[in-house]
Amino acid sequence: MSNVTLTPAEFTLVKFDADQVRALIDQTLGEIEFPVDVDVTIDVDEVLPHPLTASMANVVDGAAHLWYTGGCFESPKRQTGLSVDHTRVELGVGLLRAKDRLVGGFENAPADEQLDDRQRTLWDTYAEGRLVPLGFPVRIPRRRYTFRLYGGFNDVADAAFEQLWTGAPITWDGLSAMAESLAAADTRPERKKSLRKETLRQAPAA
Amino acid sequence: MSDPSKPRAAFAPWDRRELPGLFTVEESARRVGTYKWLEMRLFESLGGWVATVPELDVKLVLGRHCYHHAWHAELMDKRLPELREMNTDRLCEPANPEMVAFVAALQEPEAPEHTIEKLVGIFRVLLPRKIAAYTYHMNATSRITDSPTQRSLGFMLQDEFEDWREGEMLLQSLIETPEDVERAARRQAELETLVLAAGGIAGPGTLGSDVVTEGASV
Amino acid sequence: MRKQLPPEMLARDSRFVRTSIMDQVMDPRNAKMGERELGSARLQPERPAAADRARNLMHGIFTGEIQALEGAGRTTFDFDDDEAPFALKLDMARQCWDESRHVEISVKLGDWMGTEIGEYSEATFLYEAACAPDPILRLCGVNRALEGLAIDVFNTMREFGDLSGDPVLEFCEDWMLADEVTHVKMGSDWLRRLTADDPERRERALDFQRTVDKLFSLGGFRGESEENPIQLARTFRSMAGFSTDEIDELAEIAAQAQEDARAMVAGGS
């Protein structure tokens, strides 16, 4: 079983039960068959509320490092409360992407900070699609809209979504080629093809 | 080629409109005034109820129908000056106190669990009554002299039929148990009794019984 | 059915959850957020969390439309014929139909953007403005202040749809925007007509409008700087009958609200 470190160890700004979150992490690791000998660190920035959702999943020195805004796990219905469904899906996607980096043909993928929004949304979709047969509470319309927002509102993007959503294996090379084909089919002016310039991940001001 | 100088009858052979009609100017105006009053109370009730029904589809339908009946009130309001009633407020009144009592009972339900009662009042009592009264007016009044009223009533009836169908379908989807059937029937009976006491939406003679002899002369 | 239905009695099905004001005010993250350098709050596709922020706003529009429908409906019912003229009630009934369509559009847009009905909690500020006991206060608070805000919001969303190349979002927002311009104009026309001989009442109504405007500029939600998620839509506002002075005044209210928010964060941290 992986050695899991959740930060903060106890939540003070939101009403998340850290034990419950740790249990959900353990459950997810088992469900997605995460490599048992890999340590996992999950940082949650509990200052950032829903809808400020953002996450990272990197592998450094053989260990998985995930980062989430608290908003990723927060219930939009109950301020500062935990949404088990959202948390399960967010953890599932993040941990699957970390697993991809370890053993899934994404070993040569750039770190999350270097991915543009299009590449990132393709990868997220590939991961979330694989959660469907595992019984995770995923919501396809939500993912589809995000995919179109970054991939383009056109048939090429929709076909790519369908392919990725099936979870048919793809590697980083295949995925980045797909991102390029989407970029080519995207008729939006270049400045509208969103490139990740800003990030929510930062240390609080001194 | 047709001969432009050839005299033709003013009424084509298929145009069977006739004089006289059953209504005098005053009688048509009186009825139009009661219709306007009732359409106003109806659109206000629907508007008021929108916030009190939890069922999203019902909420949206009431919002839409609210405007239909407001438009009917507006049509009737515009017709009144043409029927010699320049002060349109004067004739905008209920047919009788019994009609006021009926409308008060119709508007009474408020609680979110009383959607069936609200809808029965509108779609199983009031709209059928309006359809009957407007149809009678259309058929009884002269299709020549009172044609503007008729035309408006035609538009209104089209709304009434469509709205009634939509409301009835909502009701059928909300009535799920024998107890609901009982509730709906009881509510309908209560309100029918009241509208009966009023003699119909335009008072006694709404469907003609008292009007034929008096209003037949032109 | 009573006249004047309080906000807590708004009927909703089991999917809807009301926002807890206490939870919002007491949220310990508020002060911490003020310390962060989060960049522009303007809703744009290239900004972080754009999809969830757009969805959140869309759901807010959806519940706002329900309350606009309910508020207009109540104005047809709550006042006797001598308190609210027949023609005003007709306008409110017309607005009921429009808002009913806006709810329908919002539901479809929510589906399109991947939100579910009731996914986000609902605040009842909008309906609260529609509970004023004087119909002209309602028209100022709702039609001029809140429908004015709707113009700003729809224009922001329309731009978001345009920038992201989303044909459905842009199409829908453009249609709703057209209706809202009419609703704001309705408010301005009735304000003029009903208070022509009553400057005191007019001032009371405009005061109420300012209060509502300020409330909805709270924390810099709406304004003209990069920091405001919702941008003041000057062109559409002038189409809706706002004078340049009025728009300038609103911009000032918004800027002041943002300053107040900054001061509050500085004082609290």
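For clarity, chains are labelled A, B and C in written order, and residue numbers in each chain start from 1.
The rule is simple: a contact is a pair of C-beta atoms (placed from the backbone, for glycine too) under 8 Å apart; a residue touches a chain by one contact, two chains touch by 3 or more.
What you are looking at is a predicted structure, and each value in this text was computed from that prediction instead of being measured.
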Quiz item: By mean C-alpha coordinates, which chain is most distant from subunit B?
Solution: A
Self-check item: Most central chain, Cα average position
Solution: C
Quiz item: How big is the gap, in whole Å, between where the Cα atoms of subunit B centre and where those of subunit C centre?
Solution: 36
Exercise. With chain centres taken as the means of their Cα atoms, state the distance from subunit A to subunit B in Å.
Key: 59
Quiz item: Taking each chain's centre as the mean position of its Cα atoms, how many Å separate subunit A from subunit C?
Solution: 33
Quiz item: Where on subunit B is subunit C touching in the complex?
Solution: 40, 43-56, 59-64, 66-67, 69-71, 73-74, 77, 89, 107-110, 112
Practice problem: Give every residue of subunit C touching subunit A within the complex, in rising order. | Solution: 17, 19-20, 23-24, 27-29, 32-33, 35-40, 45-56, 59, 111-116, 118-121, 163-167
Quiz item: In their complex, what parts of subunit A are in touch with subunit C?
Solution: 12-14, 46-54, 69-71, 76-80, 117, 139-146, 148-150, 152-153, 186-188, 192, 194-200, 202, 204-205
Quiz item: Can you list the subunit C residues touching subunit B in their complex?
Solution: 1-2, 5, 9-13, 66, 69-70, 72-78, 81, 86, 89-90, 92-94, 96-97, 99-101, 103-104, 117, 127
